[in-house]
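Following this line, the structures themselves.
In the two assemblies presented below, chain A is common to both, partnered first by chain B and then by chain C.
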Partner chain A sequence: MNYRSFFKAEWLSLLRRKQDTLNALLFFVMVIILFPLGVDPSSEFLAPAAGGIIWCATALSVLMAVEGMYKEDFNDGSLEQWLTSGLSITYLVFLKVLVQWLMVIVPLLIVLPLLAQMLFLPFSALWVVMTSILLGTPALFFIGSIGAALTVSLRRGAVLMLLLILPLYIPVIIFATGAVRAAQLDMNYSGQLAILAAISLVALALSPIMAAISIRASVN
Partner chain B sequence: MRVFLLQKSVNLQVTNLWIERGERDLCRDLSFSVRSGELVRIAGENGTGKSSLIKAILGWVRLEEGELEFNGEDVTLHRDVLLQNQLYLGHTPGIKSVFTALENLKLYCPEASEVALEQALAHVQLQAFADTPAAQLSAGQKRRIALARLWLTDKALWFLDEPFTALDVKGVEALELCMGAHLKNGGAIVITTHQPLLHLSPKTVELTL
Partner chain C sequence: MNWTWFHKLGSPKWFYQWASNWGGRCVYLGLALMAIGIIWGLMFAPADYQQGNSFRIIYIHVPVAVLAQSCYLGMGIAGFVALVWQMKLAPVFIKAVAPVGAVMAFIALLSGAIWGKPTWGTWWVWDARLTSVLVLFLLYMGVIAIQNALDDPIFADKAVAVVSLVGVINLPIIKYSVEWWNTLHQPATFKLTEKPSMPMEMWLPLLFSALGLYLFAAGVAMWRMQNEVLLRERKANWVKKEVLNHGV
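Moving on to the complex of A and B:
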């Protein structure tokens, strides 16, 4: 095994198991569709709330996608092979998260303009939403990968993982929706986006290391 | 058969190993060595910690005490040198069910040529199943995919945890031949098994409850 063959295999296995990522995407779409039906379909309510609705749906669908990301590898013994491969687990985790991120976020960004129309989100704010998703979701994935690694050996680890991870998602959601709101009020939103990027960079630097430690602890 | 130049000769020294698992000593003051050309069999009843011993050597079960030396280098704290020169196959050998036999093999042996991959699959009687998803294969066939790596690797030290599980008579025969060739070639093997070995004479490390 080397990094290249690992990366290729990760792509291939996600493509073969499309339903997992597809489920996350469908979930995202469903939440956004249900909101206007359940609360208030008028543009006076939806336009200001759109950023928050989209971001909550994004965070939940990312959680869904990330929750079981190591389950398969744990069950079939791949994690043991990672540990004995002599490769850096930190880097393997990074590659795995990168593949997951691309597979979930790219389709999500593609369907987003359509859903934004449904929520009466003005076109000018749509770009901010998309940028905030591009900058903020890496943090969600990287932080989530720590939780997934910690709970991989537990039979019913999903709830525990939610409790561990969700609080860490709050700052990302606050700054992301803050940026969207600022854009809708014609205010400067670059500060919020910069903080989102900063959170993602910190997560990128730290979480693969922590996930690697958790994997080591889970496999024995 | 095997024509590989192995990466290194092997000299693994295990000294005064003490492993504890859940308040119970699995072994204490256990010392043994594995050298090039040697087959070491870890023997013992179920639950005596044969797998844990291998995992402890590889570094993901904690050692209470003990030293490991690989080719003269102390690897007790940093196993990197040992890991880079070994191949480990455990109870669940990391075969992805969504991949075909060939794709699984390619993941672990990316530098092997197509011909070599096909030959390796032929050695384990899987040439007809090269493009079959592993999910559709039997337990024994899945294990054979993992074992096919043994024909492709240039790692000198093998850790095989119950490699004969789910294999049929012909499979066992082929695996023993492969192991024999590896030993002749200067490699070394640490194995746990309950089956008697037909052609090879191992050095035994006994674990007791």
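Moving on to the complex of A and C:
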């Protein structure tokens, strides 16, 4: 096993389990549908709230996707292979998260314009939402991977992982929706996007290390 | 400077003996200081010219809120120590302090709500401080939850250390994100670098009650750590001797 073959194997196994990707996407759509039905379907409510609704749905569906990311590997012994392979676990985690991110975020960005229309989000703000998702979701995935690594050995770890990780998502959600709101008010939003990118970079630098520690502890 | 006292703290046995000397003293001295601070603050300090007597809840609210943050900082440092130097007592510290911190955060929220009602006219606003303390409370709950969920003690120690450390990195981010997002709460009452903005006769009792609460919490943490050390070292000879000689 080397990094290249690992990346390819991860990629292929995700491609062949399309249902998982589809589930995350359907979950995203479902959460978004709940808001107009549950709160108010008028465009006066939805247009200003659309950024927040989309981001909450994104955070939840990312959590759903990330939660089980090591489950299969834990059950079939792949994680032990990671440890004995001599490769850096930190880097393997990084690659795995990268693949996960691509598989969830690309389909999500494809359906986003449609949902944005249903939420009466103005077209000019749609680009900001998409940019904020591109810049902000890496942080969600990397932070989430720590939680997934910590709870992988638990049979019912999903709720625990939600409890651990969701509070850490709050800054990302605040800055992302701040950017969207600023764009809707015709204000400058580059600052919020820059902070989102910064949070993602910090998460990218530190989370794989933490996740690697957690994986080592989980497997032993 | 001589660091042996610090290295000695790595030994559970030495810590146990050290804490049985200091734990009780801290708790009782802390209680006494708190009593002085609170009685002074509630009965003798002058009333605020704007808020009248309702400001007096500050003598509970501020110490508790500051302590809630300090506890988490301490847990983060202990998490780092546990991961890097693998000191035996660091996870014990986290396990002992997490519930204390959670209670402090909860009291801070509660007393803040009670204070908010007469001054702001509402129990709760989605304001920066309130929200970040709420998040702090949730982080504490996460630490406690994962501690309880994992059965393997070695793994649980590692996991708790990771969660505390990640939380402490995120804490300033959360704090500033909500601060820039929305704010109504007044700025910090305690600043080490500046002269206090309130008159001395209001500020001194606050200092007393804050110091008292810190000492009290430190003593309670020592007691809790002693219990945990006894449980973890139950197979060691010194624990057997300790229990036989002094009872539990």
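Keep in mind that, in the parts below, the second predicted complex is superposed on the first by the 220 of 220 C-alpha atoms of A that agree within 3 Å, B and C clash if a C-alpha of one lies under 4 Å from a C-alpha of the other, contacts with A are read in each partner's own complex, and residues count from 1 in each chain.
We take it that contacts are C-beta pairs under 8 Å (C-beta built on N, C-alpha and C of every residue); 3 or more make two chains touch, one makes a residue touch a chain.
Everything numeric here is computed off the predicted structure, so don't read it as measured data.
S.K.: Looking at the overlay, what does A:R155 touch: chain B (first), chain C (second), both, or neither?
M.R.: A:R155 sits against neither chain B nor chain C.
S.K.: Regarding the shared-chain residue A:M1, is it in contact with chain B (first), chain C (second), both, or neither?
M.R.: The answer is first: A:M1 touches chain B but not chain C.
S.K.: Looking at A:L83 after the superposition, I want to know if it touches chain B, chain C, both of them or none. Which is it: first, second, both, neither?
M.R.: So A:L83 only meets chain B here.
S.K.: Go through the superposed model and pick first if A:I213 touches only chain B, second if only chain C, both, or neither.
M.R.: second
S.K.: Looking at chain A, which of its residues have contacts with both chain B and chain C?
M.R.: 220
S.K.: For chain A, which residues count as touching chain B in their complex?
M.R.: Within the complex, chain A contacts chain B at residues 1-2, 4-6, 8-9, 12-13, 16-17, 72, 75-78, 80-81, 83-86, 216, 219-220.
S.K.: Applying the document's contact rule, which stretches of chain C touch chain A when the two form their complex?
M.R.: Answer in residue numbers: 83, 135, 138-139, 141-142, 145-146, 149-150, 154-155, 158-159, 162-163, 165-167, 169-170, 173-174, 177-178, 180-181.
S.K.: Applying the document's contact rule, which stretches of chain B touch chain A when the two form their complex?
M.R.: 55, 58-61, 80, 83-84, 86-88, 90-99, 103, 106-108, 110-111
S.K.: Can you tell me which positions in chain A touch chain C when the two form their complex?
M.R.: 143, 146, 150-151, 153-154, 157, 160, 163-164, 166-168, 170-171, 174-175, 178, 199, 202, 206-207, 210, 213-214, 217-218, 220
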